[in-house]
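Two complexes are shown next, each including chain A; its partner changes from chain B in the first to chain C in the second.
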Partner chain A sequence: MRSHKLERLWALVWKEWLQVFRDPSAGLVAFVLPMIMLFIFGYGLSLDAKRVKLGIALEDRGAVARAFWDAFAGTEYFDALFYGNRSEAEQALADGDVRAVLVVPTDFSRRFERGEVPSAQLLIDGAEANLSVIIEGYALGVYSKFVERERLERGLGSTALSSAVTVETQMRYNESRMTRNSLVPGSIVLILAMIGTLLTTMVVAREWERGTMEATLATSVGKFEMILGKLIPYFLLGLGAATLCAVIARHAFFVPFRGSAAAYYATSSVFLACATSQGLLISTLCRDQTLASSIALLSSFLPNFIFSGVLFEIDAMPSVLRALTYAFPARYYASCLQTVFMAGDAWSLLLKNMAAMGVIASCLFVATIAATRTSLE
Partner chain B sequence: MIRFHDTTKIFDRASRPALDAVTATVKPGVITGLVGPDGAGKTTALRMIAGLLKPTSGRIEVFGLDAWRDRSTIRSFLGYMPQKFGLYEDLSVLENLTLYAKLRNLPKSQRKEQFAKLLDFTGLGRFQNRLARRLSGGMKQKLGLACAFVTTPKLLILDEPGVGVDPLSRRELWKMTRTLSHADTIVLWSTSYMDEAALCDETLLFNDGRLLFAGPPQELASRMRDRVFKAHGFSASEKRRLVTSLALHPAVVDATIQGSSVRASFHNPLSPIVASQRFFNGREVETTAPNFEDGFIDILSQETPKRAESTRAHGSTQRVHVPDAFDRDEIVVEARKLTKRFGSFTAASEIEFSIKRGEVFGLLGPNGAGKSTSFKMLCGLLKPTSGDGFVSGVSLRRSSSEARKRLGYMAQKFSLYPNLTVEQNLEFYGGVYGLGLVERRRRIARALEEYELGEYARSASGELPLGYKQRLALATATLHSPEALFLDEPTSGVDPLARREFWRRVDQFASQGVAVLVTTHFMDEAEYCDQIALILDGKKIAQGSPETLKASARSHDNPDPTLEDAFIHLIQRGREVGNEIA
Partner chain C sequence: MLESIRRILILVRKELTATLTDPIGRVVLFIPPIIQFLMFSFAISQEVVNTRVVILNQDVGLEGASLMKSFMVEPVFKEIISVTNYDELDAALETQRAIAAVVIPQDFSRRVLSGSETATIQVTLDGRRANGSAALGGYISQIASQYGASAALATSSNGGLITRRWFNPNGLARVAFMPGLVCIIMTTVGMIVSATSIARERELGSFEQLVVSPLTPVEIVIGKAATAVALATISACVILLLVVFGFKTPLQGPLWLFILSTILYLTAIICVGLFISSVSTTQQQATLGLFLFMPPAIMLSGFATPVENMPDWLQFLTLPNPVRWQLIVLKGLLTHGASARSIGVCLAPLAGVALVTFICAVFMFKRRME
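Entry: the complex of A and B
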């Protein structure tokens, strides 16, 4: 009996593999979509403010003002655009041509040469709150550096501005402060959620629609063979995709990988257990392919996207949502991945997160067993 | 032995039982047909035997086991083929066989021999490495059957294996099933084709969840002995007048037009002379061999007198039409070398035919033969790769929307909005066809009356019985009085009474000069057509009236061939010619 069971299970897993590699849509979800997402997250979506369009209304054409312009035009943070006066620049801001406007008033050079610290006005488009804060910081930084340098060159002593206590910021783990380094590992959460949940849901719902599920039910296949026959292939496929993602992250995006492969696979496995169980549960409860994939997308992709803490800071969420993040495996896995990629094997943290995911996976798995029927009732 | 003990299955408390207090016995060693229209309860009965559904009350005994409680034991000797074959499309023929062999625990040592035997029987040996999705409908069906047979089951359940398959493949399926099943195997074969019932050894006839008849099919047909007659050689107006008057007569069970003949069955046996004098206006009549469907209609007319009454009442409102003055030679619909290619695959190749005013033209062929493709090109839904189609002289290629206005189209699944009421569906289609408010109201009111949909006017169309849905679909397709009426598989799965009623309505349109194009894979349905084109593998292999096509297959061995015999004869001849050329 036991050998029959194993042989049937093996037959189911093998059949699933053949289908994945022959059906273009499954391959698309399993391999092409992860690549696209990685590249979108890696290249397209960057939270770094680089080449921000800054309009500079240069009302003063004195030497200092021109040096001031050079200081802004010379950094990689800004893409400086020249405007002759304030109203032109303000119009550009209103039209959305520039993100911010720096007005250099007519007395800028004169006041500087008099030894004063001249003021310039910064107008920022506040539509994107995060970006506006970043612009303000960058602009202030460039400005203070400029004042410091100019005064030194002209033999004027330091000012209140430049002699104020400066805070030396030191970033740990992501020294270059590249958001890519946190976004690429974060996108792996979404990719694995998609393969684990969406793909599993799709293939089971498809079996119902094509009548193959009915035919399989009418054989001696039991409940556990049925469940494991679906879980194992997509779990393995997920691990394959995880490998692919790590390789791309390391070698195409140059994200550091400071942890060990063991830690990476261990955490990924627990997360995939959650994702595949969830997919199987959805497709067991709902046999319509379109409805099942919609539910999968809404219950897996979106919460993982929002609650992983990769794009949206969990601590900044309202308390209800913050509490909700604990119910989804994404936040634990995202935390694990950021640790493995940026910090290394911090096992105490990893184990804690893995335990939390393990609880969720067990709940989903038990629910799947309860919901699976070997009949059409 | 399978025994149904007062078995009932209710899915939804609100609606009627899917299977209603059925008590029956199924014997081993013979093929038992579960016959009935869609929704009759066939699939529900089969699924309960396989332990896939639990009876709401009563029980089913399978070889002494309880079908639900002991389902895991039963599945160890069960071969099951669900309606959609149950094949994995992305697996090859051999991989599908291997998978089911493993799932059914066939020992490895026996596989090679068993596969060789099954591949030989199905003729799939040459295609064993081809993916299932690249097989034709007939080959898929054979592979599905082979998968069900992989362990030589004691109980074989086949859910509609013959539906949509070309007649030659269907015969081969029957042959396979007979040869492969053992003397103690129980074989259950469900079908909605009445002509297929005659091939079974035993039948269980279902309608609306109830068992109407159990026994050999010949027994049901023989009840109608000396009760079915046929008279030949009528003109179009004569046959219509005769059928209408026969349908009204209380002694008549059923009357149909078949080509230029009229066929009628009666409640009591008659002599041909009496039948001729009393019912056929003194025309010479011949006693016809009754078939299973005659028996079915006879039961239905006794069981549901109301339904029969309403059909008859409908006949009375159907005024006998003095054919309006229209030119019978005027061509309304024309297909000129219609060709459609999808990539390297030619779905339809140089299809040519024309339909005159008042003519009913049938496109007959198995699923996937190219009927629907040709049909959709003529409706302006698909753009032909080459060739052109015309409706009332308007080219579909150049001005498809202009041509489309002149035709009424009834799609396979009726294309009704299930959440809209009957009235709202009519309103919508009236609007789509560009009828003005006053005109639309007038026509909708008339349609509700003519199609007897008045009492359902405010019900959601999705909740209508199948026969009523079909009526509504026809009403919406003809609201704008089209010159041509296109019907895609219009009556598949409805019960014979609803089908007859439908054809009576179609005939009424034809009598008013509408050109009617019908696609069907029901062989017996083609009898209603004036002209038939047989379509196979994207090509038209023959065209003619049902009589001439049948005559072409007449031989010494088969003096009275059916249309199916004719079709098979033509396929085989076509293949022989093909082989000679090759």
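Entry: the complex of A and C
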């Protein structure tokens, strides 16, 4: 009896498998999409600030102000652009031509020569929150170095700008400080979500729309078997894509892989269980391709992009949304992936995340069983 | 010519009726954009706030404790976890209880108070968090050096670098991301409306009826595109109203500029959608094709990370990306208050892309009809 059931399940999986590959778009999504996404996250997205365009409004043309200009223009951090006055530079900032503006006021040189520490104003494009912190840090560094050096040359003595405390910073798990090492693993969340949820949603919704789902229901196949028969092929497809992703990440983008393959596959499997169940649930509830794809976009692609914590900060969200991120598998899986790639097998963290995803997967699976009706209206 | 326009108008009316009488069509057009907008306008933020930091204070003197206190007042940090040895410190980092670790050395107080030596604290950041850790490192350095500066024998001076953050003075991430969000929502609506339209007709069998009608392929593409552009523009205006009145972000440029660039942009996007739709034989293919186009276009636009961070060759490749140009326009109009001249410059590439994608869509559609 048992082997008979298994045989039937196997037949269903095989049928679904053939169906997946009959349409070339599915293969395209499973194998071409991962490459495109990894490429984008590897090359296109970067949080490393390179040479920042800095407009300097030099309202003072004295010797000190010129030396000040040289100090900024000569660093590797900035690409200095000259502006004759403040309003021109401010317009350039508004138009997006520069990321920051440094205003050197008319009394800059005079006050410096009197022995004061003259002030200069730094206007930063606050729309890029993190870049603005980094720009401020760079500018402060150049500024205080300049003041110290000039004062020393003029024999004016040190100021409070030099601090008694220095900081020695180390970036653990990412010694080369390349954001790519963290963004590429993070993108695997999105790739597997798209394969697991979107592909499942589309294929199954089409079956409902065309009525072939009813044909399957009319056979002696049970509800449970039918759902498993639908899930397993996409699950396997997802694991295949996960393998491809890891190989590309490791050998094309040189992201370290410090954990074990076992940890990688274990966490990916639990995530794929969530993603495929979600896809099946959506298509079962909607039974219409346009609506289903729209809901899949809304409930899978965007949350996996935004709630994963890879590019956007979960800690900065309002508490209601922060609570909501716990209901989506993205944040757990992103944390697992970044740990497996960059840190190694930290099982206490991985198991906790896997347990949370396991709970979500079971809920989705049970909901799918409840939503599937074997009788027709 | 006149006859042709009349035929196109009839097609537009048919398309409008078909979309608006279909309950699912109405839902897809207006509900998801609004949900997306409301949800993600609050969710998207790259700011580093409410973080947890773990501190190992080996200093028995007062200075170490008082440095710790100066961390506590910062809104950047939500919680400071105090540990007594390196093992606990490493564990807190590894399990992501904290995103940064600070070690205050034994001789910290002695060195700070000496007046001539400098004390060094060690900061370890979790490199797994690409976005947060670098900025957090910046904050910690600032706090520490400010602490050091006030502890050093301060020669009183009123100078220094005075920093102002523009376009987002209150540090509200949702204001900063508003243009990007409006742009993404316009894109999704435009693509969903257009990408499945031809494939759906083919799957439902109504495509043949369209083909045997007196409409030429160019007219069909114009009619379908015009309908989709009109609907998506209305949807975009609804979102603009939400932005202006709901989030109190006034439009800082002329309204006609917004509408003009939106129409050009949506034409470009919708023609891409129609192109995908003509290439595909099923709705499934069309939807998946849309997903091959949309995420790359959005991510290579400067939405999530600035275009200038990309390698030069990739920056060059983003030039024909319409999302990139529309994003500059929306930033200029909604947050930056850019001059009309600098916004106008972006309209040319938008119009160019729209023209090219229109020709491609017509060409593909013609081939499909044969």
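One rule holds for everything that comes next: the second predicted complex is superposed on the first by the 281 of 377 C-alpha atoms of A that agree within 3 Å, B and C clash if a C-alpha of one lies under 4 Å from a C-alpha of the other, contacts with A are read in each partner's own complex, and residues count from 1 in each chain.
Here is the rule we use: contacts are C-beta pairs under 8 Å (C-beta built on N, C-alpha and C of every residue); 3 or more make two chains touch, one makes a residue touch a chain.
All values derive from a computational prediction rather than experimental measurement.
Engineer: Would you sort A:96 into first (chain B), second (chain C), both or neither based on which partner it touches?
Structural biologist: Second partner only.
Engineer: Tell me which of chain B and chain C touches more residues of chain A.
Structural biologist: C
Engineer: Which partner does A:23 contact after superposing on A: first (chain B), second (chain C), both, neither?
Structural biologist: So A:23 meets both chain B and chain C here.
Engineer: Is A:4 touching the first partner chain B, the second partner chain C, both, or neither of them?
Structural biologist: first
Engineer: May I ask you to decide whether A:192 touches chain B, chain C, both, or neither, giving the answer as first, second, both or neither?
Structural biologist: Neither partner.
Engineer: Identify the partner contact of A:354: answer first if only chain B is touched, second if only chain C is, both if each is, neither if none is.
Structural biologist: neither
Engineer: Check whether A:214 is in contact with chain B, with chain C, with both or with neither, and answer first, second, both or neither.
Structural biologist: A:214: touches chain B, not chain C.
Engineer: Quick check for you: in the superposed arrangement, does A:241 touch first (chain B), second (chain C), both or neither?
Structural biologist: So A:241 meets neither chain B nor chain C here.
Engineer: After overlaying the two complexes on chain A, where does the chain B footprint on chain A coincide with the chain C footprint?
Structural biologist: The answer is residues 23 of chain A.
Engineer: Which of the residues in chain C end up touching chain A in this complex?
Structural biologist: By the definition above, chain C touches chain A via 24-25, 27-28, 32, 35-36, 39-40, 42-51, 67, 78, 93-96, 111-112, 115, 117-135, 137-142, 144-152, 154-169, 171, 173, 176, 188, 192, 196, 200, 280, 282-285, 287-289, 291-292, 295-296, 299-300, 304-306, 308-311, 314, 328, 331-332, 335-339, 342.
Engineer: Enumerate the contact residues on chain B facing chain A in the complex.
Structural biologist: 47, 50-54, 71-72, 75-76, 78, 80-91, 95, 98-100, 102-105, 131, 147, 157
Engineer: What does chain A use to touch chain C in their complex?
Structural biologist: Its residues touching chain C are 23-26, 28-29, 32-33, 36-37, 40-41, 43-50, 53, 91, 93-97, 99, 111, 116-134, 136-137, 139-140, 143, 147, 157-175, 177, 179, 181-183, 186, 190, 194, 198-199, 202-203, 206, 288-291, 293-295, 297-298, 301-302, 306-307, 309-313, 315-318, 321, 335, 338-339, 342-343, 346, 348-349.
Engineer: Going by the contact rule set out above, which residues of chain A touch chain B in the complex?
Structural biologist: 4, 7-8, 10-12, 14-15, 18-19, 22-23, 210-212, 214-222, 374-377
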